[in-house]
Each structure stands twice: as structure tokens, then as C-alpha cells.
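So, here's a batch of structures to check.
Both complexes below contain chain A, partnered by chain B and then by chain C.
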Partner chain A sequence: MNPTLAADLVREVVTRHISEALLVPIPQITPAARLFSDLKAESIDIVDIRFRIEEEWKIKIDQQAMLESLGANLSAEQLDARFTVGFIIEYVTPLVTAARGRA
Partner chain B sequence: MLTGIGFDIVAVERMRDLYVHQATRLRTTVFSEAEWAGLPPAASPDGDDPDARVAACARHLSVLFAAKEAALKAIAPPPSLAFEWRDIEIEACNPVRLRLAGAVGAHAAARGIRRWSGAVCATRTLGAAVVIGETT
Partner chain C sequence: MSAALVTGGSRGIGRAVCRKLAQAGVGVLVINYLENHEAAAAAQREVEALGAVAHPVAANLAHPAEIDRLFARVSEITPRIDVLVHAAALGAFKPLSDLKANQWDLSMAVNARSFLLCVQRCLPRMPEGVVVALSSLGGRRALPNYGAIGASKAALEAMIRQLALELAPRGIRVNGVAGGLVETDSIAKFPDAPRLVQRAIEATPAGRIGTPDDIADVVAFLISPAARWIHGQVLVADGGSSLM
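The block that comes next holds the complex of A and B.
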């Protein structure tokens, strides 16, 4: 799959799932939006978003690996700043590309 | 000595949606086998109400998830600590008894937390838990 197409598709679908999980209008789901402080996500919402994305593409998101990729020894403020919609899109895109390559 | 305390609430309706649509993923990535085994038994063919069972399961899972989150707050790991929800297993609710594994368990041990207590409660709409960690 063309990487640009994959990124566009992932952006569109992830945005929709976050919107549906958090009941937030799509225009507010920008790449820079922080899941916790901007979109008011809670732990159970993150679980929900993860499951929706896994279901959409039949992929497995390793929560531990995803958290590790945010960086080590972050303060709460740094974690919040890095855990954005854009981060999820960037993390998921190669997983989707790989899954579609196998299909 | 009290070392950490955590409190959390979870909307039952939120957990109900996950239970109805994502039960397999919940069972394999969030809750342990033992936690799942504690759900109300399946409806019997002689007339149990399946909707009532779903509601009861959602309430139970809400409480367990609230207890996991409360335990995490009591442990107070570094914000970016990578963990899995299954590493916090709620063995009993009132009083709370739990078992830790993985990075979360290692962090609790490093803080010297050896004893746990706490309580949970649920209404039709909310599951809530408070968890306390002590060093001795």
C-alpha cells in the first residue's frame, strides 16, 4: 500500500474512532490535540480507542510498546504533551501498512 | 505506614459498550482469567434475563477497572511507565486484595508497598474503588 495513502486513511479512520469514543466533534480531533488535557480522555477511553483501531484493521496494539515509544522518564506534563492524536496516527500507520501488506 | 492511596470511578454504561462489543479483547488484554471467571454466570435456559446479566457483568467489570486504576494511582509509577492492565489483578473486592506483576509490580516493590486494602462499590450507573498501599 502506498505509504501516503495509508497515512491519509489512518488519519481519517483514527479521527473518526476517537470522535465516536469520546463523543467529541471531528473538527476538534486535530493531530495536535492531546488525548487527556484537550479531549478529556480517561483510561477506559484509551482502552476503547485501542480496541476500535484493532478491530478496524485486525491488528494488535501492544500497550506496553506504545507507551514505551512515547519516551522514558517523562513527567506527567511531557507525557500529556506527547500523547496526541498525531502520535496515535504515527504509531498505528506502520502497523496498518504491514497488516495490509500481509493481506 | 500508608504509602499511597488511589480512587477511581468508571461509568457502567461505558464498560457495558466494551463488554457487548469487545468482550474477547477485554478478557485477553485488560482482565485476567481469574477476574473474568468472577463474572455472573451465563443466563440459564429456564428464563434468566440476558439483559440483566449484561448489566451485572458491566457493573462488575466497572468496579474491577476502577480498582485497577485506583491501585495504579496508589502505586504512583512514573507517568511514562509502560504497563499492561492485566499486571494489576484484583483478587477480591471488599476488602480489596490484589496481585501485581510486570513493571507496575516492580515499582510497587521498589516503593516498599507490601500490604493493600480498600473497598469498592457500584450503583446502576457507576463503579467506584479506593485502594490503599502500605509499607508494613
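The block that comes next holds the complex of A and C.
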């Protein structure tokens, strides 16, 4: 799949799943939106959003690896600042591209 | 040689159940797990050291399509299932008054709905057999931060009774085990877990919290012929904590 197309598609799907999970209007789910402090997600919500994305694309997301990729030894504030909608889209896009390549 | 499927079988109580089943002579064990491949491999090694053949199968029981995929794999492994143990569980540890719809849905999907779907998919492969689901005291009592999971366990217990009624004529017994606080990874998910454990110990006449083996031994009993006259019951195994 074309990487640009994949990123656009992933952005659309990730935004929809976050909206449906958190009951947040889509316009508020910008790439810069922080999952925890802006969208009021809790840890169980991250699991839920991950499950929805996994099922949508038939992929597996290692949540621990995903969070570790934000950086080592982060404070809660640093984690919150870096864990944005845009980060999730960037993290998921290569997984989707690879899965589509295998299909 | 009998075959069993244990959902949530790679860790905690489910893993202890896998060991007990192998010790009880189950020959083929399908160990369902969510995503921890290392834990599943460790469970497989434990079971195979006890003489059974184990097949770890990853599947997220929150999704019906994945349950279908699990059973497609089960069909490749064994033509029949004699024992189903539902130990998979997941949920939000928070007050019900703050619970969000998606958190409710996730708890119900994994803890209750997946039990029903697994039983339904077992039936064509289970001419007779035993089903045991793991509940908890929160299914019948109010516990702090346990509302979502407690409600899902209450639904689970209702299904145990209904399914027992429906399936007894087919030679299938359906029962459950409700434990108190059990020493598993899940404890850490409770807010203020150390205090919770200390309070549970103080409130338990037996003087400690449960271990996975405490619960797995009850599951093994329910699966055994000694429990042949027990249908649709949820046995409480909690060191007496619910007495007070």
C-alpha cells in the first residue's frame, strides 16, 4: 500500500475508534491531542482502543513496546505529552502497511 | 484421552487450572491466551512436564471473530472438547459511578459474553462434558472499585445456572467457582493494592488471601466424577472471607 494512503486511512480509522471508545467528537481528536489529559482516556481505554484497532486491521500491537517507544524513564507528565493521537497513528501505520503487504 | 480448553490459561488462576487438568489426566490442553507469548510458552512447558500435550492459542476474546478463529484452531487440534474452563477476565477497576460505556462493554465482552460464545462453539464438539467458569465474590457482593467486573461476574453466574439447566439433559455439567482476593497479577490493577491485600487478609478467617492453586483445586473437583451431581452451582472458595 502507498505509505501516504496508508497514513490517511490509519488516521481516519484511529480517529473513529478513539471517538467511539471515548465518546469524544471527531473534531477534537487532532493529531496533537493528548490521550490522557486532553481526551481523558484511562489505562483501560487505551486497551480498548488498541483492541479496536487490532480487530479492524487484524494486527497485533504490543502495548508495552508502543509505550516504551515514547522514551525511557519518562515522568508521567512526559508520557502524557508524548502520547498523542498523532503518535498512535505514526506507530500503527507501519504495522498496517506490513499487514496489508502480507494480505 | 480427554481434551480441554482453558481460556485465559497462560497466567494466574487459568495457568494453575491447566496444571491441575494435566495432573488429573487430561491429555490435550488448548491454552488460550491474549498476547503474552512468554507466559503461554511457560504454561505449555509446565503442562507438558506433567504428561499432557499443550497447544497455546492466542485469541482476544473481546471479539467474536477471534473466538471463531480460536475454535477453528481448536478443531485442527482435537475433534472433541471434554472440558471447558473459562478463566479469561479483564475489566475496569474503578467506581461504577465513574464508569464509561466502553469500559462497561469491554468488561462484559471479555468476562461474560465470551463465556457464552465459547460454550456455544464447544457444543458441537462436546457430546458430553464439563464446563466451569471462574467468577468472584464481586459477582454477588459489593466490593470497592469492582462494579464493572462484579456486574459481569453476576451475568456470568446467571449464565452458569441457565446453561446448566439447558445442557444437563445433554450430559454437560456447568458450574462455577467464586474466589475472594487471589494472589495474581490482577491485584496490582486495584487502586491502593497493598492496603486492599492487607484488609483482605484481616477479613479472611483463614488468615491469608487465596492462591491460584486454591481455586484450581476447586475447579479440578468440579471437573471430577465426584462432582457428578452438582449442576449450575457457583462454589465459593475464599478462606471464609464472605462469612463476615
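One rule holds for everything that comes next: the second predicted complex is superposed on the first by the 103 of 103 C-alpha atoms of A that agree within 3 Å, B and C clash if a C-alpha of one lies under 4 Å from a C-alpha of the other, contacts with A are read in each partner's own complex, and residues count from 1 in each chain.
One rule holds in what follows: a contact is a pair of C-beta atoms (placed from the backbone, for glycine too) under 8 Å apart; a residue touches a chain by one contact, two chains touch by 3 or more.
Keep in mind that what you see is a predicted model, and the values were worked out from it rather than measured.
Enquirer: Have a look at chain B and chain C on chain A after the superposition and call it: clash or fit.
Expert: Chain B/chain C on chain A - steric clash.
Enquirer: Thinking of the overlay built on chain A, is A:59 touched by chain B (first), by chain C (second), by both, or by neither?
Expert: Once the two structures are laid over each other on A, A:59 reaches no partner at all.
Enquirer: Please indicate which partner A:9 is in contact with in the superposed arrangement: first for chain B, second for chain C, both, or neither.
Expert: neither
Enquirer: Touch test for A:98: chain B only (first), chain C only (second), both, or neither?
Expert: In the superposed model, A:98 contacts neither chain B nor chain C.
Enquirer: Now for A:70: first (chain B), second (chain C), both, or neither, which partner does it touch?
Expert: first
Enquirer: By residue count, is chain A touched more by chain B or by chain C?
Expert: Between chain B and chain C, B touches the greater number of residues in chain A.
Enquirer: Touch test for A:79: chain B only (first), chain C only (second), both, or neither?
Expert: A:79: touches chain B, not chain C.
Enquirer: Please indicate which partner A:48 is in contact with in the superposed arrangement: first for chain B, second for chain C, both, or neither.
Expert: Both: A:48 reaches chain B and chain C.
Enquirer: Give me the intersection of chain A's contacts with chain B and its contacts with chain C, in residue numbers.
Expert: 44-45, 47-48, 51, 54-55
Enquirer: Mind listing the chain B positions that touch chain A in their complex?
Expert: 10-11, 14-15, 17-18, 21-22, 25-26, 29-30, 65, 69, 78-85, 102-103
Enquirer: Flag every residue of chain A that touches chain C in the complex, lowest number first.
Expert: 20-23, 42, 44-45, 47-48, 51, 54-55, 60, 62
Enquirer: For a test of understanding, state which residues of chain C touch chain A in their complex under the given definition.
Expert: Chain C reaches chain A through residues 35, 60, 62-63, 65-66, 90-94, 100-103, 105-106.
Enquirer: How about chain A: which of its residues touch chain B in the complex?
Expert: 43-45, 47-48, 51, 54-55, 63-65, 67-68, 70-76, 78-79
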